[in-house]
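Working notes for the structure below.
Chain nomenclature is as follows: A, B, C and D, assigned in order of appearance, with residue numbering initiated at 1 for each chain independently.
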Amino acid sequence: MYRTLQEECYEANMQLPRLGLVLFTFGNVSAVDREQGVFAIKPSGVSYDILTPNDIVICDYDARVVAGTLRPSSDTKTHALLYKTWSDIGGITHTHSTHAVAWAQAGLDIPIFGTTHADHTHHDIPCAPVLTDAMIEGDYEHETGNQIFDVFREKGLSHTEVEMVLLQNHGPFTWGKTAEKSVYNAAVLEEVARMAYLTLQINPNTARIKDTLRNKHYQRKHGTNAYYGQGC
Amino acid sequence: MYRTLQEECYEANMQLPRLGLVLFTFGNVSAVDREQGVFAIKPSGVSYDILTPNDIVICDYDARVVAGTLRPSSDTKTHALLYKTWSDIGGITHTHSTHAVAWAQAGLDIPIFGTTHADHTHHDIPCAPVLTDAMIEGDYEHETGNQIFDVFREKGLSHTEVEMVLLQNHGPFTWGKTAEKSVYNAAVLEEVARMAYLTLQINPNTARIKDTLRNKHYQRKHGTNAYYGQGC
Amino acid sequence: MYRTLQEECYEANMQLPRLGLVLFTFGNVSAVDREQGVFAIKPSGVSYDILTPNDIVICDYDARVVAGTLRPSSDTKTHALLYKTWSDIGGITHTHSTHAVAWAQAGLDIPIFGTTHADHTHHDIPCAPVLTDAMIEGDYEHETGNQIFDVFREKGLSHTEVEMVLLQNHGPFTWGKTAEKSVYNAAVLEEVARMAYLTLQINPNTARIKDTLRNKHYQRKHGTNAYYGQGC
Amino acid sequence: MYRTLQEECYEANMQLPRLGLVLFTFGNVSAVDREQGVFAIKPSGVSYDILTPNDIVICDYDARVVAGTLRPSSDTKTHALLYKTWSDIGGITHTHSTHAVAWAQAGLDIPIFGTTHADHTHHDIPCAPVLTDAMIEGDYEHETGNQIFDVFREKGLSHTEVEMVLLQNHGPFTWGKTAEKSVYNAAVLEEVARMAYLTLQINPNTARIKDTLRNKHYQRKHGTNAYYGQGC
């Protein structure tokens, strides 16, 4: 019944070790089926070496397990709330990739310094502040979702234009129209985080990319007259 | 007689090059058999390319060779004293992994900046000060074990909560319930060391993770109500 | 008709992932056929995993598609103008390789610190300033070519002696007598960029290599009495 | 006649790409036959992908080609002078490995910060100052050998205790009893250079390892009562 969804989720998860984005089990990807109103997610703490499509757990938007014998990712409630709130996303990825985590631990937004960044979004990558004690001691993973919504609201960002966020002292979440796209965004974020770090080491006074160039690169890939890619 | 123990030790040692934690022979793993009162350890200076289970040396808790034709690791006395003193550990790993060594050479504890660190322990990773001249010129590898006990005593740490330590000007030792778990901890330590280094490069004024978040992540993985993993 | 050119271009493009110079589709290589007055270039946004020689697009020096069913790289006009203007180059490579991009984002020329750099050129690697708003909002990729010519003119550089450039806030372009040589130059640039970054981290006051040593290494490889390589 | 020597040299050269110490052809290894008074060295500019034992060139101690159809490495005269002067070395390696070059470009000795370094030598790794103009414009590669002897004389170092050196603005040379050992030393140097760089990034005021620990580690591996390795 959920076989196709499980396989989509499994394939996207298996990209994480191939892209060098996870050590051991430090990451998870989910994929949603909007018609059935459920999402598939990696089981908690299961090694990528032994993971199979059959291990993938099916949950509803309130994070209740609908199918599967294993316990879902400990971050499942964050995924659930994001799917429930943002009805146009199809997949979510969470990693502890090295440079993205370093920025999250440093508690700083990743400044938009170049076209590698602007090709994917035209804003700094936001770093959501650490949750309040009440949020952490309450329904932590659910509140993590709320913290993401808050930082997008405060900064006036659209989640379809900025498909990535850092959680302070934690790490990145990325999303997209499909699970595969959310993994792609996780890899882009890690590379952009690494480039921004190196840029500031070389020149601590580096200014952000100017607006015209930022818009040009974003629009040539995402605008109505986009001419990057094969248009399909 | 010791075949199973040798194989456990061999498999754990072979993880070191796969995880990128050793150059040439700069590392060793041991595994203990509490019933027989012996531990198995890598022979000294033997390349991972040619190592076989049969080469693994068996020693008692006073570091005397019980079985095997090769000379055991030059760090054998440190392993022996740790097994003798901490009766609940099952394996020990020593590496010269790059970022862990850099912190050890810098002589600094690794501050706890994020959840990647807090998922595994809720303290800074301690750096034991360099041994006194008397300790170095005396029974050096045995005293290395004592130096580890001293830093845990002084800082009031439990070796079951903090399964890793740096030795100043030298490098890391990690342990765990099994040899495999001690290797896992060695890889986690290297990644945490790398993330902490990058974090301070990005923001030299980074503060430690706050207590509530630190405890939340440690407890969801290790507490009585842990919900990370499959509970087995 | 263009099969040989397509294959040359395809092979050169496939070197980019092998050399670790691209993430996903962030790069492209072209190869020119001077007799036919056309060049072959990677199609836009096509993954290296599925790219075939048949996908390679053929364009003229005004960036018009001459053969091929796919849309050419979004950077095609830059390639076209370089081929049109510099009649002695045979191939062009554009990447977003990490350290070259970091220097480009920092907006700085890469200083010539050592013989690894001098073996390939005896000048700093120039960083062309970010384009004016008019250039960006006009024919952007065409003007990128003009910006490259401008920085070479202003600094009095020869494009046959310096086969590489950084575009501020963007990344590197390299070229050479063949497409393969332009890829080689892209890899050299990335390594020189990484070495220069590390050098300044170790010693922020590092001076450039002195003229005699710089000339010695360049001449022993490129001069009339060159004795590096097999002279063929 | 020189087949065994060619194969020894070939095998040692092929270790360079496996150990990540070379990009393209930026490195060379030689191996000496003291009985025949000749050494084997990599041909200049030949890719490791196509190198065969038969391509290895045989030279005498005055760098004259004795056998082989290809041109030997452009650094051959440096190798020749080292073999002629240091009659107890059996192999020499030259690379442009990234972190060793960064220290050479920075013009600084690599301080001895830890036991990874002390396991191999008990001194800072010396950086020979850049050659005088007369030396560079004269017999450059021959004078490079003289510059190495000079820095060892000035610092009172023994080439059997310190089997590695940096040439300012250039890169490292390493040697050893065999070609294989010289490659081993090249890999150790690169790792020690990387660790020292990271150490100073973490703590710019890091002091050198103290004498007792430095001597302990050097002696347990190289002293008359050494107990590291299998004693063969």
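Just so we're on the same page, contacts are C-beta pairs under 8 Å (C-beta built on N, C-alpha and C of every residue); 3 or more make two chains touch, one makes a residue touch a chain.
Which protein is which chain? UniProt says A, B, C, D = L-ribulose-5-phosphate 4-epimerase.
It should be emphasised that the depicted structure is a prediction, and the values quoted were computed from it without experimental measurement.
Trainee: Quick one: how far do you have to rotate subunit A to sit on subunit C, C-alpha fit, nearest 5 degrees?
Mentor: It is a rotation of 90 degrees, to the nearest 5.
Trainee: Quick check for the class: compute each chain's Cα centroid; which one is farthest from the centroid of subunit D?
Mentor: If we average the C-alpha coordinates per chain, A ends up farthest from subunit D.
Trainee: If you average the CA atoms of subunit B and of subunit D, how many Å lie between those two points?
Mentor: 32
Trainee: For subunit A and subunit D, what's the span in angstrom between their mean Cα positions?
Mentor: Using C-alpha averages as centres, the distance is 46 Å.
Trainee: For subunit B, give me the residues that contact two or more of the other chains.
Mentor: If we look for residues of subunit B contacting two or more partner chains, we find 201.
Trainee: If each chain is a node and each touching pair an edge, is that a line, ring, star, complete or other?
Mentor: ring
Trainee: Each pair of chains that touch: what are they?
Mentor: Here the touching chain pairs work out to A-B, A-C, B-D, C-D.
Trainee: So in the complex, the part of subunit D that touches subunit C is made up of which residues?
Mentor: So the residues of subunit D in touch with subunit C come to 23-24, 26, 43-46, 70-71, 74, 96, 98-99, 101-108, 130-131, 133, 136-137, 140, 169-171, 197, 200-201.
Trainee: Can you list the residues on subunit A that touch subunit C in the complex?
Mentor: Contacts found on subunit A: 113-116, 119, 184, 187-188, 191, 194-196, 198-199, 201-203, 206, 209-210, 212-213, 216, 220-221, 227-231.
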